[in-house]
Amino acid sequence: MQRAISAAEAAALIPDGASVMFGGFMGVGSPDRVFDAIVARGARGLTIIGNDTAFPGVGVGKLIDAGCVAAAKVSHIGTNPVTQKKMIAGEIAVELIPQGTLAERIRAGGSGLGGVLTPTGVGTVVEKGKRLIEVDGRDYLLELPLLADFALLRAHEADYNCNLTYRLTATNFNPLMAFAGACVIAEPDEIVPVGVIPPDGVRTPGILVHHLIERPR
Amino acid sequence: MQRAISAAEAAALIPDGASVMFGGFMGVGSPDRVFDAIVARGARGLTIIGNDTAFPGVGVGKLIDAGCVAAAKVSHIGTNPVTQKKMIAGEIAVELIPQGTLAERIRAGGSGLGGVLTPTGVGTVVEKGKRLIEVDGRDYLLELPLLADFALLRAHEADYNCNLTYRLTATNFNPLMAFAGACVIAEPDEIVPVGVIPPDGVRTPGILVHHLIERPR
Amino acid sequence: MDSKELIARRVALELRDRTLVNLGIGLPTLVARYVPQGISVAFQSENGIIGFGAPPPTGMEDPHLTDAGGGFISALPGAASFDSGVSFALIRGGHLDMTVLGGLQVDVAGHLANWMVPGKLVPGMGGAMDLVVGAKRVIVAMQHAAKGQAKIVASLSLPATSTRRVSLIVTELAVIEPTEEGLLLRERAPGVSVDEIIAQTGAKLLIIGDVPEMPIVVAERDVA
Amino acid sequence: MDSKELIARRVALELRDRTLVNLGIGLPTLVARYVPQGISVAFQSENGIIGFGAPPPTGMEDPHLTDAGGGFISALPGAASFDSGVSFALIRGGHLDMTVLGGLQVDVAGHLANWMVPGKLVPGMGGAMDLVVGAKRVIVAMQHAAKGQAKIVASLSLPATSTRRVSLIVTELAVIEPTEEGLLLRERAPGVSVDEIIAQTGAKLLIIGDVPEMPIVVAERDVA
């Protein structure tokens, strides 16, 4: 077992230009303390990968506000006018990905698949540049795996082995991203002794997690 | 909410010739009471889809012994000499599928994907008859979705809404198969009132389950 | 009754017992208020829960429990929560009986556009493309026209959400069913004439015999 | 010390601290007994658990908790259980640091065959193909020869498990590393000469300088 690190230490691990997956859905289930530390560090040029860009001043929206982000691969930016403004100004390159496809691409990356075939997006602008593959007379898009230099997770409980649990709709993309970051950093609400989380209660095996952020004080 | 049914009622739902997914790994986490009822009904010509054929007289092995099975799509038959004997005699058509590929094909079927690309099996006899697809210079096999007429699950707890939990290594293929059966039948160890299983404890949402087998008495 | 409420009360009649239903953000969310008596529906929110309920009492909001718009919700007894992979396995895998979505345009082929207005508004598709592809029935709940512009059109000027034909369009003026032959006018709102509907529609409507007034759910329930 | 124990004690030296390791059924399972002091390893069983331990006390066996061979195991504090999809996401996704597998044949290219003997024995590949493709290191732990037949051969006569070159072969006679240039003889068992190894090997071995005796783990631990 290793010690938990501070949010500032985590932010120092993430270099400018890194690709960063983050849990969260409209800011719910996001690693907020790590986000604050990334802003405090003044990171630049990040590629962020997650469901949405939340709201100005909320969740990953703080990174957008502070100019940390060069590119975003997300399913939705409709609730963050700052993202929209920066996209139109050419400051942030936005790739819009259907939400289910985003989930599958992250899962494919984390589980060693070369891609998945999805019916979602066939016949729309989403198919641009992608291979169409026919199976049993139906067309599918070949969607490719997504991986990232870092995966920043928000968990509910962590034990000393880094086993994680999540809470209700704060779960969202977090368990998928735990497989897809070269360095996985989890920010839990609580840290408990080994054995407090029963084996069947674990949602992310601790072996996937490289660093745990210390408990909020 | 609807009433739980008996194992015999479940067996009566499954016609000769049906395709049947079943949970279990060497017989652990298998719907044993439904298996017994299928044998008692004298079912014939079933196509079974699961990890393995367990042992003679154990789990799905009982269906093999009783002559219920015409075809098996499994990853392993090494622990069941009866399966091997019937395969050699031409009584059971066995398709051997790598275990991880079997899991992904079932998941693809249950989640509306047209297939997945896996590196597993490339360059081996497993690739026979399959499309090879190159992504970023690496070859993958296109593995197609698996669905079945029935999915027979073994659960630990079920609530009146059919929400399910599983226990330790009895989990195995059960949660994946819950998405992939046209008719999903779950055999729980315990049935508890709604609310006893908290939302974060549910491993299979009850909306996927069509019938619950009554509790063992 | 304002037009949104009318639409929601009509859409609620499409709910069937013991089904799983996803309601889009905005107008579609209202449908949950009008579930008919005797009908038990499980609502899914694509951010990861089945069985959510009305907002909790003041001071009891849980920051880990919101709908897809980020608004506080509650969980009903027997609810189930899950990750986004499972959520879209449910949606894309054909396990969702019905989705109710807002619309920007629907064309004569029943194709929906609801996720962007190029150069103006680019919110992103979120879960809409998966929902339209995967749900067994797709109901579009929208205002019949916007700023004097017809939203039911001969062909889409906005990017499509899917090439799938939606199941039903419900507006404050009419209920229209896209069919192989075209847009079939099924019902008209109380007090609205067929001519008024035609005047506000940018695509040819099929009209067969008398067009009845739309029924609606009268009672309001405190379900979600 | 019998040959299986010798192999297991040598393979155990390949274990690294803070890693995830999968042990195949049979001989490889023995490796868990000889984890070196100061090394903390998490063992995965592909039927769905990380952190399993030795069989429980008599009468405390849990029918819901077995290894991939169906034998009763226990769970250590901090264990995690999961479904087969997650289990193989771990394996195929590169999250498994090492797997130890039995072998029927390994050829000069380091390709493994371990899942069937056509016409004789067709157990099926189970998880072996995924393990060989996905684990960061693949160790083959096997008897050097079987019934007088070499198992390390010029080319496979049995169906391959994968086209990937395995990382290391450990037998009761030798430790051999498949490399781009061929099979490199790294170590010989205590008291075994290089000539004896060559005589029992069906493929050319690369021999560079003196071949040292293989070290082994001496202490036995009660871990799993």
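By written order: A, B, C and D. Residues from 1 in each chain.
Methods note: contacts are C-beta pairs under 8 Å (C-beta built on N, C-alpha and C of every residue); 3 or more make two chains touch, one makes a residue touch a chain.
For clarity, every value in this text was computed on a predicted model and none was experimentally measured.
Chains that count as touching both chain A and chain C, per the definition above, are B.
With centres computed as the average of Cα coordinates, no chain lies farther from chain B than C.
A count of C-beta contacts for the chain pairs B-D and A-D puts B-D on top.
Once the centre of each chain is set as its mean CA position, chain B and chain D turn out to be 29 Å apart. Computed centre separation for the pair chain B/chain C is 35 angstrom, with centres defined by C-alpha atoms.
One finds 32 Å separating the Cα centroids of chain A and chain B. Across the assembly, chain C contributes 49, 75, 81-82, 88, 91-92, 133-134 as residues in contact with two or more other chains. Multi-chain contact residues of chain B (touching two or more other chains): 104, 107, 112-113, 118-119, 166-168, 171, 199-200. Under the contact rule stated at the top, the pairs of chains that touch are A-B, A-C, A-D, B-C, B-D. By the touch criterion stated above, chain B contacts chain C in their complex at residues 107, 110-113, 159-161, 163, 179, 194-195, 199-200, 202, 205-208.
Looking at the complex, you find that chain A touches chain C at residues 25-29, 51-52, 54-55, 74-79, 84, 87, 94, 96, 98-104, 107, 118-126, 156, 166-176, 203. Those residues of chain C whose C-beta lies close enough to touch chain A in the complex are 45-49, 62-70, 75, 81-85, 87-88, 91-92, 121-130, 133-134, 159-163.
Here chain D touches chain A in the complex through residues 20, 42, 49-51, 75, 77-82, 88-95, 133-134, going by the rule given at the top. Across the complex, chain B is touched by residues 104, 108, 112-119, 133, 135-136, 138, 140, 142, 144, 165-168, 171, 199-201 of chain A.
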